[in-house]
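So, here come the structures, one by one.
Consider the two complexes below, in which subunit A is the common component and subunit B and subunit C are the respective partners.
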Partner chain A sequence: MNAYVVTVATLVAIQSIVACGLNVVVGYAGQISLGHAAFFGIGAYASALLTTKAGLTFWTALPLVIAITGLVGLLLGIPSLRVRDDFLAITTIGINFIVEAVFLYVPFFGGALGIGGIPRVTFFHVKMKGLPYLYLCLAFLALVLLVCRWFTRSWAGLACFALREDETAAASMGISPVRFKLLAFVLGTAMAGLGGALYAHFMRFISAGDFSFPVSVMLLSMVVLGGMGTLWGPTLGAVILVSLPELFRPLLEIRFLIYTLLLLLMIRFQPGGLLGEASLVRRVFSRLMPGKEAPR
Partner chain B sequence: MLLEVNRLEISYGDVRAVHGADFAVAEGELVSIIGANGAGKTSILNGIMGLVPVRNGTVRFRGREITAMPAHRRAHEGIRLVPERARVFPRLSVYENLLTGAYGLRKKIPLEERLRWLYGLFPILEERRDQPAQTLSGGEQQQLAIARALISDPKLLLVDEVSMGLMPKLVDQVFDLLQSLNRDHGLTILLVEQNARASLEISHRAYVLETGSVVMEGPADDLLDDPKIQRAYLGLVEEEVERRQ
Partner chain C sequence: MHLFLEQLLNGVAIGSIYALVTLGLTLVYGILRILHVAHAAVYTVGAYLGLLFFKMSGSLLVGCAGAMAGCAVLGIAIERLVYFPLLKYPPYVPLIASIAILLALEEVCRLVAGPYILTFPAELPFPSLNLLGVDIPSSVMGILCITAGILAFLWFLTTRTETGLAMRAVSQDLTIADAMGINSHAVVSFTFAVGSAIAAVAGILVGIYYNQVYSTMGSVPAYKTLAIIVVGGLGSVPGAVAASLLLGIAETLLIGYAHIPLPRDALAFLAMIAVLMWRSEGLFGSR
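So, the complex of A and B:
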């Protein structure tokens, strides 16, 4: 594999991790979020600061990074207890702008210059770059997918699904809306934190613009495109949305036009996402391999 | 008394849905609240379940005041609601819907045994076990909603307009089932119904609700024989009312 392909693949793996986290919030618990990039950024900045300023290694910083992001996710998840749907979407957009502004204007976070000189991840004294780093990201992605799979089969996952379907009915079944919305926010933002840390040590230079509102839109597009609430959907969405702009690179300006058109077509014809219920992919799969369940 | 409701007031903005309703349900009773559309029947059940804020008055369950308790805690206390129009979780399978009813109780109830009992009561649910609940017919969804509430072995079952949208044959079946749950299994039920005759026929006692207040109460048999009730809620014409006196 040449370096370019490895770079794109690494970004796909990182974005998949972050999109999986968003899927926990949006797909499993039904809480719309258009500010997920904020948590991606919090993870990246936390890891960057802990390794450059506090002198920790990636591995010792990682548990802290995940804890910090999850904790901030818990605090910023509180609005979701009071507002719903469009209002929650707007609130989460606001969170994204505030977090980005903090990174941009507070000198501690490097201001407009961002943070540079972020060390590479070392693994048994070997500096990881290129292919080994891709494998590391894929290993973390596998871990995230396992956690998602476990979550969807747990009682907590069932409680989140019930909340997504009908909050009132769920509450009268003894499911606490507060507890499970916040649980989904913590789990989802912690995954974003992990993705952020991997991103920081891959790029080795980060600035506030990397985690701006359009990134949140892109992440939500990945989840919607792949199929909200499915296991593999966010990863598939990340593969498509990260690699398509690369494939269309020769088309220069109009590549985003094509990209937008694809999204619109998806919304019109496959609202459940590529791996959603009764989607084209699932129907083709069941025709090709009768009796076998398509991946979800 | 298992459930005591005093001077209950519920409003939505300036609209008063319930004002000053008093009623009680004893353990082992099947009590119904009958009334026309908009009389405040659903609001009363939602107030007992904790799904709408109570403006004034108190709700006591097993001697404890629960007026300010959130809905999910009331569910843990043993109150369960079969909501109007079932409100099953549409994209979850029938089995998952049933499990949500047992949430937080897996150590307290023999889950497998409860499931077997429910599948015995509602064979269609076992047949459709892995289907999304939204693919069920209205009657099947209503059965699922009842089963989902029953799996927790509730102390008080609130049933909201269970006859709505069901075909007459199914209405009879559902009412027979509620009666047998009450008589044979000792389940306490508070039933809210527009179908006054069907609910009075299986109830021990009943309250008549008009524009948010209780206007009449008594043993269900007495209400069935009351000319006013016959005219207003049982749809009898004048000659029939006289003939029955």
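So, the complex of A and C:
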């Protein structure tokens, strides 16, 4: 594999991790969030600051980063207890804009210059770059997918599904909306924090613009496109949405237009996602292999 | 005192423009319960069309009429081709579709008109005024008069005409309105046409006021107007107008007098989250 493919693949793996986190919030708990890039950014900034200013290594900083992002996720998840649906969508958009503004305007976060000189990840005194770093990201992605799988089969996951389907009915059965919504928020944002840390040490330079609102839109598009609430959906969405712009490079000027039009067509004709119920992929799969179920 | 009054006036002018963009959004939300983010793209297209027709004909009136007609068609196309078939899905599906439309239309504008900032060399045909020693430039006069005119027209349309009655009926309950013999789909399309035509006027006014037309001029309004309709109470027209004026004035005065370390665009969202946590139905909304 040449360096270009490795770079794109690494970005796909990192975005998959973040999209999986968003899937926990949106797909499993049914809380729409259009501000997930904020948590991605909080993870990246936390890791960057802890390694450049506090002198920690990536590995010692990582638990702290995940804890910080999860904690902020807990705080910012509180609005989801007050508002629902459209209101929650707009609130999370607002959170994204405010977090981005804080990164951009507070000198502690590097301001408009961003943070540079973020050290590479070392593993037993070997600096990881290129292919080894891709493997590291893939290992973390596998871990995240395992956690997602475990979550959907746990009691807490079932409680979240119940809340997603009908909050009032679930609450009347003794499932606490507060507890499980916040649990989903903490888990989802912690995954975004992990993705952010991996991103910061991969790019080695971050600025507020990397975590702006369009990134949130992209992340939600990945989840919706792949199939909300499915296990593999966010990863499939990340593969498609990160690699498409690269494949369209020969189209030069109009590549972003084609990309947005494709997104529009997909959401217009496959709103359940590629791996969702009654989707095209699922129908083709059952035609080709009758009696077997497509992966989800 | 003079400076304060002039700042206040600028705030009202900016608030009026917010109000014009927000009106279409509120009408659409009231009738379809869709967050029509792509409305800001309609506003951008309106500014470009207005500039195009103005350059071709030399008359601002022709430019304005052409832009309004073009945007009305665009609005109806968005509603018929994208939103209506997606109504049966959860609200995030039309929302993502709307964001995709916004980005696609911005790209179309950039590709067709080029990635430069164009100037809008037109004068609004309104006199400048000197009121109690405060100068009101003709552009501000124009914005204030046109906004007032459009608001009066909307008030007349929704409260004094049969079409307005149908609009209100559809926004209360689409299915029941259908059952009462109202062609609800036509009413929805009409609402989109009106909202989009108003957005075109807003685009042209912004273009003239700042003397700038560019493809991403809708990016910030796209999300800021969402914050405004939440503060005003989703779907409430008077609430949206009041919230727009309030935000326009607050932004100008706070930036002028208080030194806040955040950009003015973040202010709208801070106000919005505060309002949501305190009164989640918005300032003027009702449960």
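Some notes on this structure:
Simple rule for what comes next: the second predicted complex is superposed on the first by the 296 of 296 C-alpha atoms of A that agree within 3 Å, B and C clash if a C-alpha of one lies under 4 Å from a C-alpha of the other, contacts with A are read in each partner's own complex, and residues count from 1 in each chain.
Everything below uses one rule, namely that a residue touches a chain if its C-beta (ideal position, glycine included) is under 8 Å from a C-beta of that chain, and two chains touch if they have at least 3 such contacts.
Everything numeric here is computed off the predicted structure, so don't read it as measured data.
Of the two partner chains placed by the overlay, only subunit C lies in contact with A:Val217; subunit B stays clear of it. In the superposition on chain A, A:Gly174 makes contact with subunit B only, while subunit C stays out of contact range. When both complexes are overlaid on chain A, the residue A:Trp150 reaches neither subunit B nor subunit C. Applying the stated contact rule after C-alpha superposition, one finds that A:Phe108 touches neither subunit B nor subunit C.
Judged by the touch definition given at the top, the superposed model places A:Trp59 against neither subunit B nor subunit C. Once the two complexes are overlaid on the shared chain, A:Ala89 sits against subunit C while remaining clear of subunit B. Touch criterion met: A:Pro79 reaches subunit C, while subunit B stays clear of it. Once the two complexes are laid over each other on the shared chain, residue contacts for A:Leu264 go to subunit C alone; subunit B is not touched. One of subunit B and subunit C touches more residues of subunit A, and that partner is C. Across the two superposed structures, the residue set of subunit A contacted by subunit B and also by subunit C is empty. Taken together, the subunit C residues at the contact with subunit A in this complex read 33, 35, 82, 85-86, 89, 91-93, 95-97, 99-101, 103-104, 107-108, 111, 223, 226-227, 230, 234, 261-263, 265-266, 269-270, 272-273, 276-277, 280. Remark: subunit A residues 155, 158-159, 161-162, 165-166, 168-177, 277 touch subunit B in the complex. The touching residues of subunit A, when paired with subunit C in their complex, are 26, 32, 34, 79, 82-83, 85-87, 89-91, 93-95, 97-98, 101-102, 104-106, 213-214, 217, 220-221, 224, 253-254, 256-257, 260-261, 263-264, 267-268, 271. Partner subunit A is touched in their complex by these residues of subunit B: 49-51, 70-72, 74-76, 80-81, 83, 87-92, 96, 99-101, 103-106, 132, 148, 152.
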